[in-house]
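Next, two complexes with subunit A in common: one pairs it with subunit B, the other with subunit C.
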Partner chain A sequence: MSASLQKGISVLKEVIDAPIASYFSSCVHCGLCAEACLFYTETGDPKYTPIHKLEPLRRVYQQEYTLLGRLAKMLGLSKPVTDEELEEWKPLVYDSCTLCGRCSMVCPVGNDLVYMVRRLREGMAISGHAPDGLIDASKRAVEIGSPMGVRLPALKVQMGHVQKEIGIEIPLDVAGAEYMVLMSSMEIINFPEYLGAVAKIMKQAGKSWTLCSEAFEATNSGIQIGVSDIAGVLVQRIVDGAEKLKVKTVISPECGHAYTALRWEGPNLIGRPYTFNVLHILEVLDGFRSQGLLKTSGFEDTLLTFHDPCQLVRRGGVLEQPRNLLNLVAKNFVETSDPGKMNWCCGGGGGVSAIEEAQELRFAAFKIKKSQLEETGAKTLVTACANCRIVLEEGLEHYQMDIPVVGLTEMIADHLTEGE
Partner chain B sequence: MMDHETPGHETLGERLAQQGISRRTFLKFCTAMATLMALPPGTATAIAEVLIKAKRPSVIWLSFQECTGCTESLTRSHSPTLESLIFDMISLDYHHTLQAASGYGAEKSREDAMQKFFGKYLLVVDGSIPIKDNGIYSTIAGRTNLDLLQEAAKGAAAIIAVGSCAAFGGIPNAKPNPTGAVAVSDIIKDKPIINISGCPPIPVVITGVLAHYLTFGELPELDDLGRPKSFYGETIHDRCYRRPFYDQGKFAKSFDDEGARNGWCLFELGCKGPTTHNACATTKWNGGTSFPIESGHGCLGCSEPHFWDAGSFYSALSMPASPLKLATGAVVAGAAAGIAVSIANRVKKGAAKSAHQKATIADLEK
Partner chain C sequence: MNDLLFLTWVRSTGLDIAIGIFVLGTLWRLFEIYSLGRKPDLAVPRHRAGASGLHTMFRRSIPPPGMFKRSAISYVAGYVFHIGLAVIVFLFAQHIKLIQELTGLSWPGLPSQFIDATAVVTLATMLLVLVERINKPVKRFLSTFEDYAAWALTFLPVMTGYLATKHLLLSYTWMLALHILSVELLLIFLPFTKLIHVFTLWGSRWYNGDANAKKGVPV
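This part shows the complex of A and B:
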């Protein structure tokens, strides 16, 4: 057994906890999770059945923590997990799982399959079986500070562009501000208009806010590759930044897994509660709306629909807020089929968009989104996650569909009542 | 429907009229028969219609190695009862205990009947047949039982083995079985045989089977031991009025303890009810008065094969090894195993945890 495999197995032994033990022992092998997974429905290949993706973890559980499994292992009746097997499982654990959590919703015995995939990735990554794309992203995140290699100067350049365009100063490192705004590197590079939108909205609402030079990146490659130690390091940066500036609330940007990492996994990753609140930008905006701090005028006339980011809506619970906000500025908002918590993933979450080998599979899986969009006949697609946005854009381009994808925060900012 | 035309016999109806038995009494009999055999209610009239017209079939009754208890059971049933009608339903042409004739005259009546009604008579057998040493241990008029049975069986329409001896070998067959006693079915293989087991069998069961045979012209449905299912389909235990006590775990420990006086289950005192198929608990004995368990004694299991060799009548079928203690033991053992496994798992998980080296990006590549 190679040293890395030994470490990986040891990690798997460590991550198998009471929930995982009860999930494996209560699985009734019904296969319902297959129909919930877009990689299965769009390819028809049974290897993409979510519970099957967990086979190595199940075997370690059985061989290490069950009486019969231990006996079988002792007698040589059950084969140990090998490097070859983990390598074979790499496309199942990474390429074809966006951690979207749809399977967890349909499991009749309530098994949280995503929870398990996330834990299996811990062992996969440590034993050296993570995809190169995610390894590189994680390295950049730790070493440079952003998975896409964005450094502070690059952010400052974008801040300058935005300031010039909208004529509002972008605050940096303002201690005591109410809100600390985070960005995803996708937004810094591809969608800087998000920053301008936030600036306009904050100005209208009269709220103090700031960016932090030591913690502007919200995304968390550690969560995607599945290494809690790395995820913890990345969360700690944000915590340090927020506590240094003594802000009341940290705003997670339009990014799904950043929200999961910061809001739901963060305190466990660093081992203590935060001294500040974490909200998604849509929660903040809907809060402003209900307090009357969000004044808009005019409506979008085109037929538009909303893509629910999995981590935000299904896994995160931010379900009503995007609808409230959309209805504030759109007259022709239609839901896709399976909206809200049963939405279909864009196909690129959970790190999949960073895995080059997975691109073809990702386009195959996108067929479900394509048909959903065609059903609605929508002319514009709104979403609230920069990763979803880029994946949707790529998918639409691949299938030659001419539908613009818009971030919800920018759409709201476009309808702000000017000058008060 | 079988042709019961047996020349020389008047119909059952005529016979009953001669005996002064009213149609009403007869219908009551038919209804009782239909009910006993679990036939649909309408069948009673059908039975009556058929029976009243039926020519009484000739019956040859052979008694071999037996104690005459079966005949006693039949004849001593309370009069006037349904059972007394048996002799009006059939023409009993030979029964060496009951017939008036004796010696050569008796044997002649048997031979005459066998000849006259060849292929149509019913052969009733009680008692087992000794076959050791060429069957010399029981003879009638100088002929062995074996010889007599084989001869009589040839012309029989069907054979009714009455009592556990004829059905399964019974007490003569008990160890060490010095005479080599066997059941009718061990010897005769080419005739329909119906076993009415019991030591003795319930009179009404004999009557019921005869009525069924006369009405439908065939034997009733039988279980795997050749017994009519309508009477032997369930165990004594299934139908026992003390069953609720068994279910509650209330057992008499001796024949004179509080449990016995309270009428609790006799299982621990050796009752064989759970493994015995018979109708005692429903039809009862002595004109419906009671049955053994009702009198405070466990069932002996007399209608089952080898009942005499199945251990003491007073030892329980299986002694419940104090189920509650066992359950507590099992819970304790289970909990101990659970705790042991849990500790082992915790140790293993703990070891994995303490072996944890903080993962860095350097760990991502092999």
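This part shows the complex of A and C:
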């Protein structure tokens, strides 16, 4: 057995806990999880059945933690997990799983399958079976500070552009500000209008806020590739920045997995609770709305629909806020089928959009989104995750659908009442 | 061995062995699983009505939105044979009598004609479930020897029980002895196969519901 495989297996042994033991023991092979997975429903290939993606982890569980499994192993009757097998499983554990968690919603015996895929990735990554795209992104995140290689000077350039355009100063490193705003690389590079939107909204609400030069990047490739050590380092940067500036609340940007990483996994990754709150930008905006701090005028009149980012809604618990905010500025808002916590993934979450070899499969999986959109007849698609946004734009382009994709925060900012 | 000796053995020694393995095996399996524990969650929880481990333990018995039409047979057949098995095991007068002998507990049963009909429906549904497993690409792909064995271990007690009460195929004594033997096999294998889901699904549902409830998501 290679040293890296040995490490991988021992990590898998470590991540197996009572929930995972209970889940594997409960599975009756009914296959209903396949019906919840867009990679199965859009390809019809049974190998994309979520429980099948977990086979290496199941065998480690059985061979290490059950009496009969250990007995079989001692007698040489069990099939050990090998490097070849893990390499074969790479496309199942990474390319065809966006960690969207839809399978965990439907399993009749209650198995939380995505919880297990997230943990299986820990063993896959450490044993050298993670995709190159995610390895490169993780390296850049640790070494440069952003998975896309965005450094502080690049942010400063974009801050300058935004300041010039909207005439509001973008604060940097302001100690004692109420809010510390994070960005995703995708927003800094492709959607800097997000920053302008936040500036306008904060100004109207009369709130103090700041960016932090040492912690502006919110995304976390560590949780996508499945290396908790890397994920912890990335969270720690944000924690250090927030504690240094003594802010009350850190705002996670329009990025789904950044929110999951910071809000739900973060304290567990660094081993202690935070001294500040973490809110998603939509939670902040909805809070402003209910306090009367968000004054808007006018309505979008085109027919529009909303794409629920999995990590924000199903995996994040931000359920009503997007609807409350949409109804503030849109008169013709229609839901897609399976809205809210049952929504279908864009196909690019969980690191999949960073895996080049997964692109064709991702476009195949996008067919579900395409048909959902066609059913609504919507002319504009609103979402609240920059990664969903770029994946949706690419999918729409691929299928030659002319539907603009808009960030909800920007849409709200466009309707702010002037002069207040 | 003649039929009476055989029946006497399965009713006494055989039953003792089977119940012993079933009880100790189940306790061991539950210990083996749940003693692994889990790490505490340090994230500040969000609270939302309807989201908890307990809610999910019950809610997961109902098809989630959109799922019924995707796999109607799985759901309908699943309900029918599970409820059928529960009715036959716990509401057939003879079974209640046995439970009373073993535990002292008893409750009123259902008329035997009703139990007969339930047995026929349950057997037919289980055959349908087997056909589904063989015909549906996903189910066939996932199926191992254990899946078919678990099916047989569940099917045989119902079939032999029905044949015994109807005095079909073999003499009543032989069929009753085979019926009890098939139940004993079921009891012996239950803790060590996927049939353990009878117990662990409650834990699985609770863990899933609890983890997601911490994020404020009712699942």
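As a working rule, the second predicted complex is superposed on the first by the 420 of 420 C-alpha atoms of A that agree within 3 Å, B and C clash if a C-alpha of one lies under 4 Å from a C-alpha of the other, contacts with A are read in each partner's own complex, and residues count from 1 in each chain.
We take it that contacts are C-beta pairs under 8 Å (C-beta built on N, C-alpha and C of every residue); 3 or more make two chains touch, one makes a residue touch a chain.
Please read all numbers here as calculations on a predicted model, not as lab measurements.
In the superposed model, A:52 lies in contact with subunit C only, and not with subunit B. Once chain A of one complex is fitted onto chain A of the other, the partner contacts of A:128 are limited to subunit B, with no touch recorded for subunit C. When the two complexes are overlaid on their common chain A, residue A:139 makes contact with subunit B while staying clear of subunit C. More residues of subunit A are touched by C (comparison of subunit B with subunit C). Of the two partner chains placed around the shared chain by superposition, subunit B is the only one that A:2 touches, whereas subunit C remains out of contact. In the superposition on chain A, A:164 makes contact with neither subunit B nor subunit C. Judged by the touch definition given at the top, the superposed model places A:11 against subunit B, while subunit C stays out of reach.
Residue contacts after overlaying the shared chain place A:67 against subunit B and subunit C alike.
Judged by the document's definition of touching, subunit A residues 16-17, 65, 67 lie at the interface with subunit B and also at the interface with subunit C. Those residues of subunit C that touch subunit A in the shared complex are 28-29, 32-39, 41-44, 46, 48, 56-57, 60-61, 64-67, 70-71, 74, 78, 136-144, 147, 192, 194, 196-197, 200-201, 203-209, 211-212, 214-219. Here subunit B touches subunit A in the complex through residues 337, 341, 345, 348-349, 351-353, 355-361, 363-366, going by the rule given at the top. Of all the residues in subunit A, the ones that touch subunit B in their complex are 2, 4, 7, 10-11, 13-14, 16-17, 64-65, 67, 125-128, 130, 135, 138-139, 142-143, 225, 227-230. Taken together, the subunit A residues at the contact with subunit C in this complex read 16-23, 25-32, 34-36, 40, 44, 46-47, 49, 51-52, 65-68, 104-112, 115, 263-268, 271-274, 277, 314-317, 319, 337-338, 341-342.
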